[in-house]
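Look at the two complexes coming up: subunit A is in both, with subunit B in one and subunit C in the other.
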Partner chain A sequence: MSSLQDTVNPQDASSYDSAAGVHRREAVVYPAARGEPKLWSLGGTLAFGVLMITGFLILVLWNGIATFWPKPIAVVTLADGKIVAGEQTREELFKPTADQLAKLTPQLRAVIAKDDGYATRRLYRTGNFDFYGDDSKWVADYDVAKVDYPRDMVLAERREWGPFVGRLKAVVLDGVERPVTDPSEGWVRDALGQAQARLAQIRKLERDEIGGINHKLEQERLALRRVLLKSGADSAAYGEAQAKFAAREAELKKQYEALSAEAQALKGRNERDRIILTEVGGAEKSLPLSVIVRAYDANDIGLGAKLAVYGSRWAEFLTDEPREANTEGGVMPAIFGTFAMTVLLSLIVAPFGVLTALYLREYAKQGRIVAFVRISVNNLAGVPSIVYGVFGLGFFAYILGGSIDRLFFPEYLPNPTFGTGGLLWAALTLAIMTVPVVIVATEEALAAVPRSMREGSLACGASKWQTIRMIVLPRAMPGIMTGLILAMARGAGEVAPLMLVGVVKLAPELPIDGYFPFVHLERSFMHLGFHIFDVGFQSRNSEAGKPMVFVTTLLLIALIAIMNATAITIRNRLKKKFAGSQF
Partner chain B sequence: MSAVSVMEKPATPAQEQPFGETVYHLQKGDQGIALDIKDFNLWYGDRQALHGVNLTVERGLVTALIGPSGCGKSTLLRSLNRMNDLVDGLSITGKVVLDQVDIYDPRTDVIALRKRMGMVFQKPNPFPMSIYENVIYPLRVDGVRDKRLLDETVERALKGSALWDEVKDRLDQSALGMSGGQQQRLCIARAIVGDPEVLLMDEPCSALDPIATAKVEELIDELGGHYTIVIVTHNMQQAARVSHNTAFMYLGRLIEYGKTETMFTTPKLGRTLDYVTGRFG
Partner chain C sequence: MKPTFYAVAAMAGAALLATTSVHAQAVDPALHDYKPASGVSGSIKSIGSDTLNNLMTLWAEGFNQMYPNVKIEIEGKGSSTAPPALIAGTAQFGPMSRPMKAAEIDQFEKKFGYKPSAVRSAVDSLAVFIHKDNPIKCLSLQQVDAIFSKTRKGGLDKDITTWGDLGLTGEWASKPISLYGRNSASGTYGYFKEEALFNGDYKDTVKEQPGSSTVVQGVASDKYAIGYSGVGYKTADVHAVPLSAKPGGTCYDASATNAYEGTYPIARFLYIYVNINPNEKIDPVRAEFIKYVYSKQGQTGVVKDGFYPIPKAIADQDLAAMKLN
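Our next item is the complex of A and B:
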């Protein structure tokens, strides 16, 4: 480039012009006309956005994936002789207070002063909430005398009180105490497996069988109440029903006694098999074996065993119910709730949005009223979602649900059936919130169907509705699906309105179960989005919940991604069907 | 062609004054009149697009509509099966009579009317479905379910539109994957599958190459005896080749309507001569 410019002397060129008597207009080139100076800012904005999203995804992915990986247990001896044991979870710089500094030796103070008054501290997840009243402990580096990783340290996850960090002393089977230090020894595992199997059996007895009996009993009671509400307390029918109820009740009570005795026996058996653990301070703890979820010698396991622990934690997380105020256990009910709500939401929003758009675009006379409706619909998308929550609670749950209860479920009153938040109302609320997206997308898709195709169909003698059904709608389907995908993504990630219309911290029953009518749309449910909020910011110790926040976020993102990917695959298939070469 | 008698209306001397009377010298078919357009005026909003058109379409003959771009050929053609109903702000006066019934009578069933007329558009407009489904679309609309009948009809219509040999092995493939010429012949098959009385074609060859054009013209020739065809074209040779009568339109008016041979050799009006010889247009 430069060599070219060198050869042409601008002085020469101008002298040539004037010599020839040609008057050339001085070419003024505005900076904006040269190149694309704004491109940098446009590209920069995009890059910034992409960077933020990627960073966020990497953060969630990394933390989510690492959470369940078994970490070594450090035993930290402090300068004052105290011992702290636990998994190191974080480290950070901090500024020791004047009090803390006052207690240090002058050398240490000098070191800290050299670092601008900063020192390093580490957070250890110590577990043993029942002993320490806390889950984790900050340890400043200047306090540490030595850090060991003894091979016999054990991490035992318990059903209550969170994890136990310490050493295994013995396992008591059938009253015989057998000393052992390694939890991965075959017979310990077997005993643990048996205890857990018994626990599962107890659960099954209590939940399924006794639960079934309770359900039947409740049904009988409701049937009796229905007769009472219908015929009055003095009627013959009521007396008859009462007698029948008493008989049924006695029979069910007998079944109940038998089952609960069986469960009691199993419980007693589980109480007898125990595990004895010692905390680093020397305190001993004897626990029923069945309380242990899993136990491993954290500093002495190989990669295979680590992978096994990792896998079983994920499996538990995905398939189990939460325990310990949601900070441990699984999130299966929340996954199910999120999924069920999103599917229900799509089922409601699709016909609703498509029919509205069809009317607006194809049938309504285009004029001021339609234009006004269209603007209103677009503006609906800007209403804060919590407002929809309030509306859903007020209109759906209280007014609509209340009326349904009075008409169809009087025997349950004063307990609400539909008269409170639930899956159906939540899905409806989100459907109203997301329907503008579907309407706008569908209208656009309908408008994009070429006029020649409609004319072709009409010229064949098809009616307007036939044309819409057989030509226009299939052709517009990919566009409609796009709208639906957007609506779904927005709905699945929404939390605020749900807190008002049906999402709860802990739902004892899934919306689908084995009792008639099998799908219980009136039930409240759990939701991954709310779970994140609850675990991370509402639980007794947020430090224990923090890793779960990442895992649950990862899961929520994955779930939405999977649902969207499915919808997008369907859409692309449709697109391929309708897009061919024209010539 | 043999059974065609020539009738000439008393020839008005060619007036080159603004617009005189329409000059008629059309040949009559032996099956009577298919469509009778009487004093037809049409406005898009407040712009008049057709001025007092009087025109009879002979049953069983091919009638060509020619004229410079924007003169109202498509408008007239689309008035015949009321495709213009889709346009907002359209108004008309006059009549279009099909079998003694005015198609613009409010009591007329538009859908039944359109079923009696097939239409082929300027740009092929196959539907986004299989070739098979495209062809039988008019029958689907009527709710025909009989598989044997549908199969037979598809074969007959595709043979009728000279497409059968090319597509008989891929009837279940998307029609959008065909070439433009094939698509246009598919649209012709779709237009004739319901066995309409009248076939309306709006520049059916304008998007086709010469070979496909020749095929479609051949087709029009074959269909000629069976259907009444009204075809709009910009191609003078084509009009001369395929039609019996030719109507020349100019600025929304019917200028001259007569036997094709005469129209292209010795038209009664100078304006027509100028146009067909390419001196203006």
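Our next item is the complex of A and C:
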């Protein structure tokens, strides 16, 4: 009725034209008849949605993209002679307290009073945690005597203790100290490059070669324990195995010593080449060159050099392992973990969901039971995800995994193998969580295949299964893929249940490596979604963590977009194929 | 708990005090330098305290540099998750920001027949944080109790709900105090309840946060807030209030010196609990990890995370108790 109230009453729809002296009838048109009267609301909703999404994306993009850009280093001399140096990160208005005001000169007080008692302060990221015990500092504008940007200020990112802000004093190569102030000088870069290369070599030596020996040794130890568990401590077999183990251990130890000496030599070499830095207060610090990830003279570099720093930071972020409790370094294990889990999840959920839907739609007798199952499946989609997490932990990890451990890996106990969260359990848990989406989508897709096509196929003598396989499934495939894409997207973005069933803060070991059986589905893994939570809400320095949150969010969105785009491309190919083979 | 902490701290802390001036807190130079042993590999899984989460990660990273093939996994959702994980065997290390309760030790003993071993791995001054603009200079534990607790077992007769109740004037006088705390699985929650609330109950208005860092972020963004968490989580946006043990007593700030001397009223040890069977030889991975924690390198990690390192005397005591020296 309300829609009629704002329309013209048809009885009054004539008006008196005084100029012509006649009554003129006007055409009466109800708004409902005028095309699409609620179009503005439809369009408005869309516009609102688009606005929110683009707003969010722009926020993430802007913050994410700007994070790694090198900023200039300000050297702020305070009125009391103290010096603060660092990158400015934020500024805000605040009301100085009476105590603070009392210490100021009358002129400054007058300025602040003119601004309604507000003053500006800026947050500088000063770095040098090893010197100051904190890494950023607020400086109120009224305390500042002068701000300059000296050309020799250097920002050095270190493997430990976070960034160093100060000046470069000298580089010591082979015991010879050479004074230098510009880290971009050719020979300094070369020396840095060599130190990095040696570090990579040490890593390789330790991880691959020594790691291999350690792995073998561990296998021997487990083999010995297996014998112990099987035949008891007093048996002859155990004595024999012990002797064999001792011999093998001695042999491996010898190999280890040799490799370890080699690594130690390289480490010693890296200790010798040093870099000497001075902080703005004048304190000196001598560090091994290999500790420096990158160093640049922040106030003196051009656009090209800035781009190079920016690029190398992104490269490090994408390909390296995290350092310093996840606040620095890269997120490679998390990218890999997210990707591996999503792929595994799709591999599990696709056959499971499609087969269920096929039976429900094509074979099951439609009746009360099927209707009940269908309602239950739909309801499953509404269960909070954390409930699936609890179920996964209790059923998969503890019950299923615990039994697997007792049956197949007794020699590892009490250390759990499958009896704790891991990649497999996480993928299975998320598969159960997302399977309703696939079932519903598949059922709809199957229902959309015209009855005439099935009948045609059956009339030609094909069996029911042949009909489903050759006629129904190919035509339903795009719809099934849509369901799968939705399931994947939901799974990849989910964090809450994962925290219970296998995602951890730090697990630098990837689930795939060079040791038998090569794919280790029992391992815990890192996940970008959890990494965002961890860096944003759990890191020591929440101030430094904030930009990393945006970068990681950007990456997670990009990863999901790429995976979805791939799936959509496949779906479109299938659609085309299907269109081509139509009569 | 309290007497043990102070007795030990007073005994051993003096050595460290000389070095607390300019730099971030220095590590006891008497601690041993860690030398990697051969043939260490296997896996380490740690489940427990959120306060110790970053510290465990730093240790794991350092340990991993020595033993690249040790697989390390770290999970930190609260101290209360450590004992069940140790009992179920899902973790080898259970970091906790409070000592294990008698009931938890009993459960452990029922299953294994011996008590879990405690590694006192770091010292923390549990800090009471306020916004950086807050002019409060000093609080007594009894005031802290009246701010956070509805039972007020500290003995203050009046509830404290506004900043005016604490003597602030001007715009602060009428502003209600906004409370931030930890969730009940946290050891920090338990320790604060025991020491600062005198075992009383928290007010219902305390906003329970899932992590120490979240508490600091809450206080940083809320001008009229107060919250508690480990001193290692301090940022430039918050300020740790100096505390006194008695009303009208001298206030001490949450510095390393005051923690070692025992003058800061709510300093504590951060523990790592381990399942060590006294009748068997401990496996090399865990033994080396514990030794690493007590080494110069390990304690440097403590400083890096903003906590205070332990002196050599405590390291020696614990290593002797675990027969690791």
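Following the convention adopted for this analysis, the second predicted complex is superposed on the first by the 524 of 583 C-alpha atoms of A that agree within 3 Å, B and C clash if a C-alpha of one lies under 4 Å from a C-alpha of the other, contacts with A are read in each partner's own complex, and residues count from 1 in each chain.
Definition applied: a contact is a pair of C-beta atoms (placed from the backbone, for glycine too) under 8 Å apart; a residue touches a chain by one contact, two chains touch by 3 or more.
The structure displayed is predicted, hence computed values, not measured ones.
J.: Put the two structures on top of each other at subunit A: do subunit B and subunit C fit, or clash?
T.: On the shared subunit A, the partners fit.
J.: Taking the superposition on A as described, I'd like to know which of subunit B and subunit C A:Glu218 touches: first, second, both or neither.
T.: Only subunit C; A:Glu218 stays clear of subunit B.
J.: Where does A:Lys71 make contact in the superposed view: on subunit B (first), on subunit C (second), on both, or on neither?
T.: After superposing on A, A:Lys71 lies clear of both subunit B and subunit C.
J.: May I ask you to decide whether A:Ala462 touches subunit B, subunit C, both, or neither, giving the answer as first, second, both or neither?
T.: A:Ala462 sits against subunit B, while subunit C stays out of touch.
J.: For the overlaid complexes, name the partner, subunit B or subunit C, with more touching residues on subunit A.
T.: C
J.: When the shared chain A is used to line up the two structures, what angle, as a multiple of 10 degrees, is there at the CA centre of subunit A toward subunit B and subunit C?
T.: 140
J.: Classify the contacts of A:Ile471 with the two partner chains as first (subunit B alone), second (subunit C alone), both, or neither.
T.: first
J.: Mind working out whether A:Lys577 is in touch with subunit B, subunit C, both or neither, as first, second, both or neither?
T.: first
J.: Contacts for A:Lys253 in the overlay, against subunit B (first) and subunit C (second): which applies, first, second, both or neither?
T.: A:Lys253 contacts subunit C only, not subunit B.
J.: Can you work out, in whole Å, how close the C-alpha atoms of subunit B and subunit C get once everything is superposed?
T.: Shortest inter-chain C-alpha distance (subunit B to subunit C): 51 Å.
J.: Considering only the contact definition stated at the top, list the common interface residues of subunit A for subunit B and subunit C.
T.: None.
J.: Spell out the residues on subunit A that touch subunit C in their complex, using ranges where they run on.
T.: Touch residues, subunit A against subunit C: 94-95, 97-99, 123, 129-134, 136-138, 160-161, 203, 206-207, 210-211, 213-215, 217-218, 249, 252-253, 256-257, 260, 283, 323-326, 398, 413-416, 419-420, 499, 504-509, 523-524, 537-543, 545.
J.: Which residues of subunit C touch subunit A in the complex?
T.: Per the stated touch rule, the residues are 22-25, 36, 38-43, 45, 50, 53-55, 57-58, 60-61, 64-65, 67-69, 71-77, 88-92, 132-133, 135, 170-171, 210-214, 216-217, 220, 232-237, 275, 304-306.
J.: Which bits of subunit B are touching subunit A when the two form their complex?
T.: 81, 83, 86, 111-112, 114-115, 117-119, 121, 123, 125-129, 137-138, 140-142, 174-177, 179-180, 187, 190-191, 194, 207
J.: Spell out the part of subunit A that touches subunit B in their complex, as residue ranges.
T.: Result: residues 450, 452-463, 466, 470-471, 474-475, 577-583 of subunit A touch subunit B.
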